[in-house]
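Okay, so subunit A shows up in both of these, paired with subunit B first and subunit C after.
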Partner chain A sequence: MKLRVLLLHCVMAVAMMRPALSQSTNMTLPTPVEAGKAFSISIPGSGKATLYIIGLGQVLKRDVSLGQSAFFPAGSLYNAGRYLAVLAGESSTQSGEFDVSPANKPAELAFLARPSRLPVGQHAGITGAVYVFDAYHNLITAPTPITFELSSPTGTVQKRGVETHDGSAWTSMDSTGQQGMDRFVVRAGDISSNRVISQVPSDPCGLKMTARQSGRQLLLVTDPVRDCNGNAVSDGTIVTFTESFDGGQSTVDVPLKHGVAQVQLASHNGATISVASGIVMGNQIHWKD
Partner chain B sequence: MLRSLLFLSTALVSALGVGSAQVTVRIERSDLQGPRAMSEQTRAAVIRDYLQSWQSMRGALEQNRPDLLDSSFIGTARDKLAETIGQQAALGIKTNYRDLAHDIQLVFYSPDGLSIELKDKVEYDVEVLDHDKVKTTQHIISLYLIVLTPAEVQWRVRVLQAAAE
Partner chain C sequence: MNSGRLLAVLLAAATIALVLIGTVWPAPSAAAYAGAKSMLATSSTAEAAVGILGDEIRAQAWDKAYSSLANRAQFTEPEFVHDLTGYYPSLLTYSTLGNFEVRPLHSSANDADVQLTLHWSTVVGSSPSTRTLHVIKSGEKWQVEWPIVTPQTLAPQVIPVNYLRWDVIYRGPGDDWGAQDVEAPHVRIVDMHPVERADGVVVLGELLNEDIVPAYVSVSATLLSKNQSPIATEGSFDRISHLLLPKQVTPFLIKFPNVSLSEVGSIRMTPLSALIAASADPVIAIDNEQLHPAPGASLTGQLNNQGGQIVNVAHVLGTFYDKAGNVVWVADQYVNQALLPQTPVPFEIHIPEDLARSISSQRTVIATYSSEGSQ
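Take a look at the complex of A and B:
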């Protein structure tokens, strides 16, 4: 009996001596803290404890005095995310959660632009996607105005204004009619990122050849080969000449040189000669000596 | 479509049952942003690799071994988690993250197919140990934004960030 009374007294004494931590109201956690900004956690009570700030982005540990605010200077927490605050006293523990939000000012753009090279005149042929980050590489989740701009060497500009959704935005643009190096720029706030898109001539358009006798040979020459927008098709593009005669056939592949392709074939009276480049057919000539 | 999603969910739950507590996975029907259609194969691969990343992250944070992140994380996400592990190790802290449930929504597939963004409402327990002494175990529900990019034969997490709901 005496022992039970003694134990009861001991328990009561311990309970009365428990640090203020267990009797106090909960610590006051900050409402979303902006990444990199100073903040404080109010800790009522008296005595000493250890404060842990635990997150996937950062971990902090502080010895704190209860009854005072634990002050965290600017730069203490800079990785956005959910944090667990754990206040561990000698005999009890309190915990709570708070968020660190990304800073609103864009500082870094991850710009994905494709393709780096494409033919002229492709509808929605160029696409750009962007992810917007703050100075601490946090994805800025608040809607952020974005401008995409594609400018060609001739001064043609396509511009699109969009807003990010969950940190990302995208657009598509048409390649212009003129070959050359286009500049594809994305802007958010006062920062930008740019890519160079090479627009190359499209398939030949209106491929045409002429033929003339050259001794016992036939000289076939194309007109300057251009695409449908008038851009000169690149040298090296293969042009195929085919001559069909009396059940026989000769085919010669010739690369464009200085914008034209030419070849000499044996002359056969009544032959049919055709020209093509890739899937594009040119004119046909029925040769008569 | 719904049947295939349910199937996917079931398949993932089964897959994640190996070596860990059963994780509930729910795939939300989503209005995917972007002009690119996502094949079922890609969808399944992304979700599988993302869920696997939680296992990699758990092992890395539990053992304070940043090398365990390499299979699932890349870029910013890897750097930040590795930094956290460095801080944990310096302070004598270990954390044990046990994901219990995922409610996943695919939100963006970039036109070039080189990034996919997900939202995941994750339910998990985190146990905090200081010099191997358990300080607390807390149950947390938080919304995460995740960006994955393809690498070699799998998708890797490039951004993993809890977002206020």
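Take a look at the complex of A and C:
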């Protein structure tokens, strides 16, 4: 193995040390080869030589007869990039460069959708970026038509068509007013990739509680808590009840359960009771026994 | 050369002599720490009797402390120990008595009232606990009547708790590049306010979890000079409630010692949030909160555990506002006893005297830890 590496280095060094010879090569190198496709290199002259194809992460070595074409079957070169061809003969060395380009047919999409969870009703709140790859994981840099599609459970669909630039494309979408799991799909040709975007309720809207005596306690219960689009605010959301009385105060942070929050506090005649959730204030009650 | 040897011999002799003196005639405090005998050898006065009891508690000489009590027939030694260190695991369970103060309140020929303040050394700092002891004269010596606090017992019952619990499954190491992970909780600093204090700059503020999932949060701040070069970076450490349920707000306080506000051009705030498994239980009510003005400005109240689970450690954070609603101070206190279900536990948060006059309202939040399942 070490010998092969050493040999390769020597060959590359020789090729670089003899640029004049390299430029005057008579090898007919292929115009850009598509990754994975078969190709051939015609070599004039007579006799025997060794042909090296050297690229990033891939090296081919082939014993060739001068005057014939060296044929490389499909799948021989699959990494896109620039390759160095070195023909090492008995008396001279020739070299040249050629490119392997990505296949034109998309085979894989790397789809980044952000965020995976956001409140409803956010303008341009969802972004999607896609990178298009061929079957050999080469980034396809040629412009490729892409379709982004965001569909909500209610059937609302937002669709955008864009073309990739240097292998990537992106778009932004609005979150709808309805909570639920949206399907965010990107398509290129006949392949697609999809992500799930969770649209969650926004801040509570019109937060309202009622109070009633329960023995010596005061039972405080909110109405079902909803956001401004009518979505039920998620259970577990903290609702803060505050009772102020005669210079004193009682506070409880209560999580929503089945859409409502409720708590019992000591009853104080003349107390002012308020309710809030996050930065949203609800109604106030002035309690009289 | 000779004088050097002479000095060495003299130093060695002096060391040996001091060790011998210290062993034969130890300082009272050292002897008390070693458990040999009390600092105050005899309980010839009421204060001395309380002092001896304090020494014995500090040395965890529970036998001696219990035996010295005048009313020991009213309770057992384990009850006495639990009364001091808690019946349930709490901050005091893993603490030792650092020091104590004895203050006479009243005395007569045969009895006296003495205040004993015990300063427990806990993992979160000193935690004072004050008891007023009645001391009676029995013959020539004084004996303490320990004011045992019998724990409130709850009737056997089932308390149904069905609040939400959140669990998290993160993306795995084998997932493809670009595969979607679970979004970190969205948090927002809703208020931030630097304050100049005698020992430096303090950054106060409030952080909101505006998401629908629980968040583990912390905040750090970087003070920048007028030419935008960093002066210092500090974090909120435990002056914050690290677990925020959806739409919950926590205050935070970040200290920058030895920095003057006049040096500061701007402040860069960095809130951090991460997904965390959590439970919405237990709910802690904060009852009868009272703001007490200076002198001795404080916020007092009672914590009431409305769930069925014992809360071992409770951290009370108070946010204090001026009339305009600006945060003027954040203070906290760890409660040194466990919160039993439906059992009120008092707390007291001290407020700097100079700020007390500008405070017109407050908001309190509780961070809790339960050994049966952390929150």
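By definition in this document, the second predicted complex is superposed on the first by the 263 of 289 C-alpha atoms of A that agree within 3 Å, B and C clash if a C-alpha of one lies under 4 Å from a C-alpha of the other, contacts with A are read in each partner's own complex, and residues count from 1 in each chain.
By our rule, a contact is a pair of C-beta atoms (placed from the backbone, for glycine too) under 8 Å apart; a residue touches a chain by one contact, two chains touch by 3 or more.
Remember, predicted model here, so these are calculated numbers, not experimental data.
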item	value
Which superposed partner A:E90 touches (first subunit B, second subunit C, both, neither)	neither
Which of subunit B and subunit C A:L112 touches, first, second, both or neither	both
Which superposed partner A:E163 touches (first subunit B, second subunit C, both, neither)	neither
First, second, both or neither for A:Y131, with subunit B first and subunit C second	both
Which superposed partner A:G278 touches (first subunit B, second subunit C, both, neither)	second
Contacts of A:S234 with subunit B and subunit C, given as first, second, both or neither	second
Touched partner set for A:L56, first subunit B, second subunit C, both or neither	first
Touched partner set for A:L265, first subunit B, second subunit C, both or neither	second
Contacts on subunit A seen with subunit B and repeated with subunit C across the two complexes	112, 114, 131
Touch list for subunit A against partner subunit B, complex	32, 50, 52, 54-61, 79-82, 84, 86, 88, 93, 95, 97, 99, 101-102, 112, 114, 124, 127-129, 131, 133, 137-139, 141, 165-168, 170, 172
Subunit C to subunit A touching residues, read off their complex	162-164, 166, 176-178, 180-183, 186, 190, 208-214, 245-249, 280, 283-291, 301, 306, 362-366
Subunit C contact footprint on subunit A (complex, rising order)	110-117, 131, 195-196, 200-201, 203-204, 234-239, 242, 247-255, 257, 263, 265-266, 277-279
Residues on subunit B engaged by subunit A in the complex (per definition of touch)	33-35, 57, 61, 76, 79-81, 83-84, 87-88, 91, 93, 95, 97, 107-108, 110-112, 114-115, 117, 119, 126, 128, 130, 135-136, 138, 140, 142, 145, 147, 159-164
